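Below are the structure tokens for one structure; questions will follow.
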Amino acid sequence: MVEVTNEQLLEQARIAWSRAYAKYSKYKVGAAILTKDGKIILGCNIENASYGGTICAERSAICSAISQGYRDFEAIAVVVDAGHVASPCGICRQFLVEFGNYKVILGTVKTNDVNVTSTYDLLPYAFTPKNLEEFD
Amino acid sequence: MVEVTNEQLLEQARIAWSRAYAKYSKYKVGAAILTKDGKIILGCNIENASYGGTICAERSAICSAISQGYRDFEAIAVVVDAGHVASPCGICRQFLVEFGNYKVILGTVKTNDVNVTSTYDLLPYAFTPKNLEEFD
Amino acid sequence: MVEVTNEQLLEQARIAWSRAYAKYSKYKVGAAILTKDGKIILGCNIENASYGGTICAERSAICSAISQGYRDFEAIAVVVDAGHVASPCGICRQFLVEFGNYKVILGTVKTNDVNVTSTYDLLPYAFTPKNLEEFD
Amino acid sequence: MVEVTNEQLLEQARIAWSRAYAKYSKYKVGAAILTKDGKIILGCNIENASYGGTICAERSAICSAISQGYRDFEAIAVVVDAGHVASPCGICRQFLVEFGNYKVILGTVKTNDVNVTSTYDLLPYAFTPKNLEEFD
């Protein structure tokens, strides 16, 4: 399988970014998730008149990937249009970690800034499927 | 453009259904959205250990469609694995209506039951972008 | 038990309105829910930097009521600061209907406009606990 | 102002726990938040037939507190009915951190286990109001 570099994944996230529906915040975000099979799937944020209905780019990408039949991920790249990178919100961290530990690559639309972290590092002591299993 | 029948769209939704990640409720749901361009995009429900993080099939399909660059929809088909059709939850109705009025086709995985309604009929007096615009 | 009028409940919702944390939309909303025991409990909208984390006034009021031990409701009043009343979003309709059918009184902060409807009317063919029970 | 101990706040969370509406997961959670003024406000989890509508105990407590006019918090205690403590989900961490850094006390209903952490420690590199401000 051909290696996908961080920069290549960020480049795909920038394409997703251009499709964001950020009608209310104007804060567009793009994501690209790399499956274990080497497939890249895009996601952008989708806002709603009722703000609570908003779905971020990271979750959009996962939705799209799962709906296409993928569940094992290698990495997700996320780009924002700001002076420097931003970390995923807690809602997305919760959603990402449901599918295990994988690389999270943070970038921007106009700079070459890159931060690399992981789903586990972003949600220490995560509340995961295990918590509910124990409880059963 | 070739016409897509309700049954054809339901058939695609059944494919999406098979990919649902319904680890907690075991209640799998599949959706297939038809864009104005005639493109069909799938979505399935994706649950989370923190139940509030769950995203339904309808929203998954929209996320996937928007992330691929589509915003104008003709119809969405939704199937459940139950004795009869079920309507979208309120969260999804809010999410669907953000993108206008289009057909909603409800079916099941194992019966030929079909109910046809629309995003506007499902959310009378909807809270839409207009409410916030007026307010500005 | 002393009768609570629509106007009295709206008046309480206006107090809740003044407490709204609407940092991002600036769209403040207040709610007041009347329990079957005659207790009135307030709720306001609470937004979040991650828009999807936002909780509307109606849901806030229910959270507060349930957390105080109440589950049976008579009516909920909701006020917005706009020229005319606005209906609850689909997310809130879903949340309200989980606790049955009760009156929904819509008003504003500065006018005497009032619309009266109900949780069932706002979510026709609702997806309720029954859907999941059937499925078990 | 009289000091409220961790154990006293956990005791209040246990009262909230008994009011949880955990119809689907059966996983009841209780929370008690202590305001800077020394007021204690309760919250329990409230599930929904549409799982994505679920609101956790921590968010319930904040909703209740803000709706009563409080915005400055000292600590929040959270209890679960399991053999050991569980951390808040990512959605709640995002919601809690909107209101700054304060103590998070984790306990259970039947043991004396206690873990103490903070909203900032639970969400490293948080996405906060600052991210959106910079962007403006």
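First chain written, first letter: the chains are A, B, C and D, and each begins at residue 1.
By our rule, a contact is a pair of C-beta atoms (placed from the backbone, for glycine too) under 8 Å apart; a residue touches a chain by one contact, two chains touch by 3 or more.
Being a predicted model, the structure only gives us computed values, none of them experimental.
Engineer: If you average the CA coordinates per chain, which chain's centre is most distant from that of subunit D?
Structural biologist: With centres defined by C-alpha atoms, farthest from subunit D sits B.
Engineer: Shared interface numbers for subunit C and subunit D above half of all numbers used, same, or below, different?
Structural biologist: At the contact between subunit C and subunit D, which are copies of one sequence, the residues are largely the same (over half shared).
Engineer: Which chain pair is joined by more contacting C-beta pairs, A-D or A-B?
Structural biologist: The comparison resolves to A-B.
Engineer: Roughly how far is subunit A from subunit C, centre to centre by C-alpha average, rounded to an integer in Å?
Structural biologist: Here subunit A and subunit C have centroids separated by 33 Å.
Engineer: Report the inter-chain centroid distance for subunit A and subunit B in whole angstrom, where each centroid is the mean of the CA atoms.
Structural biologist: Computed value for the inter-centroid distance: 22 Å.
Engineer: Averaged over CA atoms, how far is the centre of subunit A from the centre of subunit D? Could you give it in whole Å?
Structural biologist: For subunit A versus subunit D, the centre distance works out to 26 Å.
Engineer: If a residue has to touch 2 or more other chains to count, which residues of subunit A qualify?
Structural biologist: Touching at least two other chains: 24-25, 48-50, 53, 55, 89-92, 94-95, 127, 131-132.
Engineer: Quick one: do these chains touch in a line, a ring, a star, all-to-all (complete), or other?
Structural biologist: Shape of the chain contacts: complete, all pairs touching.
Engineer: Any idea which subunit D residues touch subunit C in the complex?
Structural biologist: These residues of subunit D touch subunit C: 16, 19, 21, 23-24, 42-44, 46, 48-50, 53, 55, 59-64, 66-69, 71, 91, 94-95, 98, 127-132.
Engineer: Can you list the subunit A residues touching subunit C in their complex?
Structural biologist: For subunit A paired with subunit C, touching residues are 24-25, 47-56, 89-92.
Engineer: Once bound in the complex, which stretches of subunit B touch subunit C?
Structural biologist: Within the complex, subunit B touches subunit C at residues 25, 27, 80-83, 86-95, 97, 117, 121-127, 131-132, 134-135.
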